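Both complexes below contain subunit A, partnered by subunit B and then by subunit C.
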Partner chain A sequence: MIHPIPSGTRDVLPDEMRELRLISDALRKGFEDHGYREVYTPALEYEEVLGRAELAEAAPAYRLFDETGAALALRSDMTPPIARLVSTRYQDARPPLRFCYLAHCYRRVRPARGQSRELLQAGIELIGAPAPEGTVEVLTALCRTLDGTGLKDYRVGLGDASLFGALMARLGVPEHRRAALLGALVRRDFVLLERLVGEIDIDAQARRTLCEGPQLRGGIEVLQQAPGPLADALAGMREVAGRLPRDVADRVIFDLGLVREIGYYTGAVFEVYDPGLGAPLGGGGRYDELLGRFGRPLPAVGFAIGVEKLHIALAGEERGSGAMLR
Partner chain B sequence: MSAAAGRLMIAVPRGALLAGTLDMLDRLGLDTAEMRDNDRRLLFERIGTLVAAPDAAGTPGDVEVGAITMRPSDVPTYVEAGSADLGVTGKDVLLEQVGEGERSGDRDLYELLDLRFGGCMMVLATRAGENAQGESPAAEALRRLGVMRVATKYPRTARGHMERTGRQAEIVEVKGSVELAPLTGLAEAIVDLTATGRTLVENGLVVREEIVHCTARLIANPVAHKLKAPAIERLLARLRSEAVAA
Partner chain C sequence: MIHPIPSGTRDVLPDEMRELRLISDALRKGFEDHGYREVYTPALEYEEVLGRAELAEAAPAYRLFDETGAALALRSDMTPPIARLVSTRYQDARPPLRFCYLAHCYRRVRPARGQSRELLQAGIELIGAPAPEGTVEVLTALCRTLDGTGLKDYRVGLGDASLFGALMARLGVPEHRRAALLGALVRRDFVLLERLVGEIDIDAQARRTLCEGPQLRGGIEVLQQAPGPLADALAGMREVAGRLPRDVADRVIFDLGLVREIGYYTGAVFEVYDPGLGAPLGGGGRYDELLGRFGRPLPAVGFAIGVEKLHIALAGEERGSGAMLR
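Now for the complex of A and B:
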């Protein structure tokens, strides 16, 4: 008899499970070596609680009712549950707090390579440590933990979620046009961005900065050579860059166009790329306002890595083949 | 690091956009003779080197280029997976597979440049002629039957257009010659891409609404866009200066 399982889910058999276990163990060790202690929270939460975070595209997709009629949701991301945990169970604890997790999250994605609807995420959250020091600590833990899994060719894209908004304000883009421009950038549609910018009544130089700024990415020179109005908006990124240890800085691609789908990021945002996979392995950033929505306002920063994606990238590097290892 | 800034694999669409894409590659100094001669081969490991000066950071300038060929609607699939770093496909394909203005997340791709060739119009067409009230067959169906049946190879685009214009529609997806649908009573209207409008005229159809003008676009894989940024930027700079010259 063949019994199906839902689209986007899968069984894991011993050969794969053994490899996933080795990767999970390496990740857990990396997190713990950096002082992050593991927690676990329920996969099911009250929908109202998860809804406090602005998850936008990554909002919980699976909902059900319990026997009292309360609306529950399967978590789509571990950061809101940890924000809830901190404000509920660590009300009086002195920050900074350091937590890590390896936990399944649930999203209604179009199933693709390394994209399951039930995905195993491994990550850390550093709560109560502001920028730039907190950001530097988390980026360092991210890189050294990935090193510990044996991943070799990865890079970390580093941007700032507030950058494009600040740039639009500085260049005099009318407020009612800003959401559409940001939307084009989030959708990675530079043709649309250019068209929308062309409709705005600002000078030609400002238009160029709006179109070309978000396409700047590369080494530290990107921060040094950015033109006037953009350079002012980069102060936060420069502060982080100046404090990164050498081995971490060598991994970083400064990316002035990096924006993430999740809405709660307030400052630095990052994504992990490896030539073994055509999609980012994971990412994270600063969410300095999220904890406040749960009643304990604290600056915070964290990241999550997709364990299945990391597995594909490791296997690709090992074989010397994969998305960009042709 | 090798002497090149990286190697780029480009997904090239067969069909109506092929000639324009190969001409573009020729203008970049790449060698498309083999691609023109052999239309059975699908993979061309190396079609030449894009020669460029080192950049300010000292990254070497030359970019090696390879190509794979496929039908235009497969280009987003190969590029999203990273099997190609870059690709050329029509905006019609992107609207159908990636959408516009609505939620993202269906396809994770960068749309980098409007290449300006391969211009076509996405239209809504019906049989020629109006009834006594001056209505097209589709307008009449909508008024009397409450719904307009629309046959198309672009169901998402057609549904989006009908929703934006506030009309009820039944979308009928077909794979082949869509012009047949209104002639046989399968649908009152079609949504399709037309370059010259000749096929429509030959089948007694007329354009009732122009939906969107579509041209060829350059798309990129989101990871290649970061890991191969110097190579991609060099190619883009050349294409942009071509556009200015033309």
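Now for the complex of A and C:
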């Protein structure tokens, strides 16, 4: 007899569960080895609390009501709960604070896209460490923790959430046009971006920079070769790039068009790719303004890895899975 | 700044989280050492599926609706999802099947009772092993797994969910009166039980047996000294008692009035007590009819331990906590 389960959810049977535990334990060990200590927050939060973060595409999808009629939501991301935790339980603690987590998050699914409604996320948050040092620390922890799981062929795309906004401002894109252009970039729809840019009354060179700049992607030379207006906006990325340890730098692909779906990022943003998986298996970035919205203004940076996605990537990397999962 | 979290939920900070992980790992190791393999099921299930189990007091408290308008619920107990899993994914697997889990469950809280809305539960399910052998196996796994966490002073109360029903039938309690009497016993309200029994037209000896029988509690002698009508109903408990290994038997307190709040239990029921905690830290029993409601009729038995409750009990047992948590 078949009893359905909600679309986007699944049962994990023992063979897979064993591998997910091995991966989770390796991630947790990696985080702890870098000084991050695990916390857990309730899966249910007041909707008002989660609403303080601009979660955009990752906004909580499931609302429910408690016995008193208060609106609760299932967390869709661990960063806002940890921002709440810091401002409530660590009001006077001296930064930087280092937390890690391994927890399920819940998101809306679009039908027939194979999206997960319930995600197991493993991540870290570094609170109170500004760029560039904090960013370098987190990118280093990311790569070395992934190395510890046995993942071999991954790359980390590194961009800056403020870059395109700065570029639009500098090139004279009217404010009311900017959101549409950014939306096209978030969806990586360069055809739409070009059409929208074509409708704006700026010179041809500026148009070309707006369309081609975000397509620049590659090694450190990308930061040097970028056209004038863009090059000036790249100071932050260059500062991070210059401080990365060699093994981490070797993983990084500079991507001037990288913009994440979550709205709270302010500076460096990054995503992890692996040939074993057709989508990013995790990502993160700086959120220097989020903590202030919870009452303890501190710069911060973090990332989350999708544990099930990492599992697929490891299984896809024959040698990697041989090392870790057997 | 204080941002509230829902009543009955809490943040787990690193020092406690570390201890909860140690306890969880010890429980998982104990389950696996006994041949139980871990599974995970979605936190969200269709309400209709969970509704097949008589969860009674532990019924799902949180309903929500997905994009299609289907009613979902947050699981309140892992046994119904595992019954669903067995009938869906293990339709043809040869029993017995042994599963374990470590997962959060969600329940309604009564205001100001200090109840938890979100519980971390660790447990096992043994599917396809009838009484008495299956019951003995699970009680043995329970005690030896608890031993592995370092808990020292616990006791296991052992009763039978069918006992009081059989007694009422045998002593001629009219059917329409039985639910009220059982309800009084579930709440351990012996004053109410006596009042209700006094209203029933049966002889004085039968009244005494109904009121005093469920208060019999102690060593193996309880099974021998029970008055006639009750003694006949104890065959099942005697069969289990006679097969328990010595170390397990030494932990057991026979409790002829033990009735659990969950309605799906059919035979042996048990609860774990520890002087370090004022409430049971876990429990379980036989649910020989539940699997049939999901389409694969098999006898079954299992238990769940509240990980946070076990943590409190361990902390309360000075020496125990010294062994495990340091």
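Going forward, the second predicted complex is superposed on the first by the 311 of 326 C-alpha atoms of A that agree within 3 Å, B and C clash if a C-alpha of one lies under 4 Å from a C-alpha of the other, contacts with A are read in each partner's own complex, and residues count from 1 in each chain.
We take it that a residue touches a chain if its C-beta (ideal position, glycine included) is under 8 Å from a C-beta of that chain, and two chains touch if they have at least 3 such contacts.
Owing to the predicted nature of the structure, the values given are computational and were not obtained by experimental measurement.
Judged by the touch definition given at the top, the superposed model places A:A169 against neither subunit B nor subunit C. In the superposed model, A:R63 makes contact with subunit C only, not with subunit B. Once the two complexes are overlaid on the shared chain, A:T9 sits against subunit C while remaining clear of subunit B. When the two structures are aligned on the shared chain, A:A235 is found in touch with neither subunit B nor subunit C. Of the two partner chains placed by superposition, only subunit C is touched by A:L72; subunit B is not. Touch criterion met: A:Q225 reaches subunit B, while subunit C stays clear of it. More residues of subunit A lie in contact with C than with the other chain of the pair subunit B and subunit C. Taken together, the two complexes place residues 109 of subunit A in contact with subunit B and also with subunit C. Per the touch definition, subunit B reaches subunit A in the complex via residues 9, 56-57, 80-83, 85, 98, 100-101, 103-106, 108-114, 217, 221-230, 233. Residues 1-7, 9-14, 17-18, 20-21, 37-46, 49, 62-64, 66-67, 70, 72, 74, 84-85, 87-89, 91, 99, 104, 106, 108-109, 111, 117-118, 294-296 of subunit C are the ones touching subunit A in the complex. Interface residues of subunit A, counted against subunit B in their complex, comprise 57, 109-110, 112-113, 155, 157, 183, 186-192, 215, 217-219, 221, 225, 253, 255, 261, 271, 273-275, 277-280, 322-324, 326.
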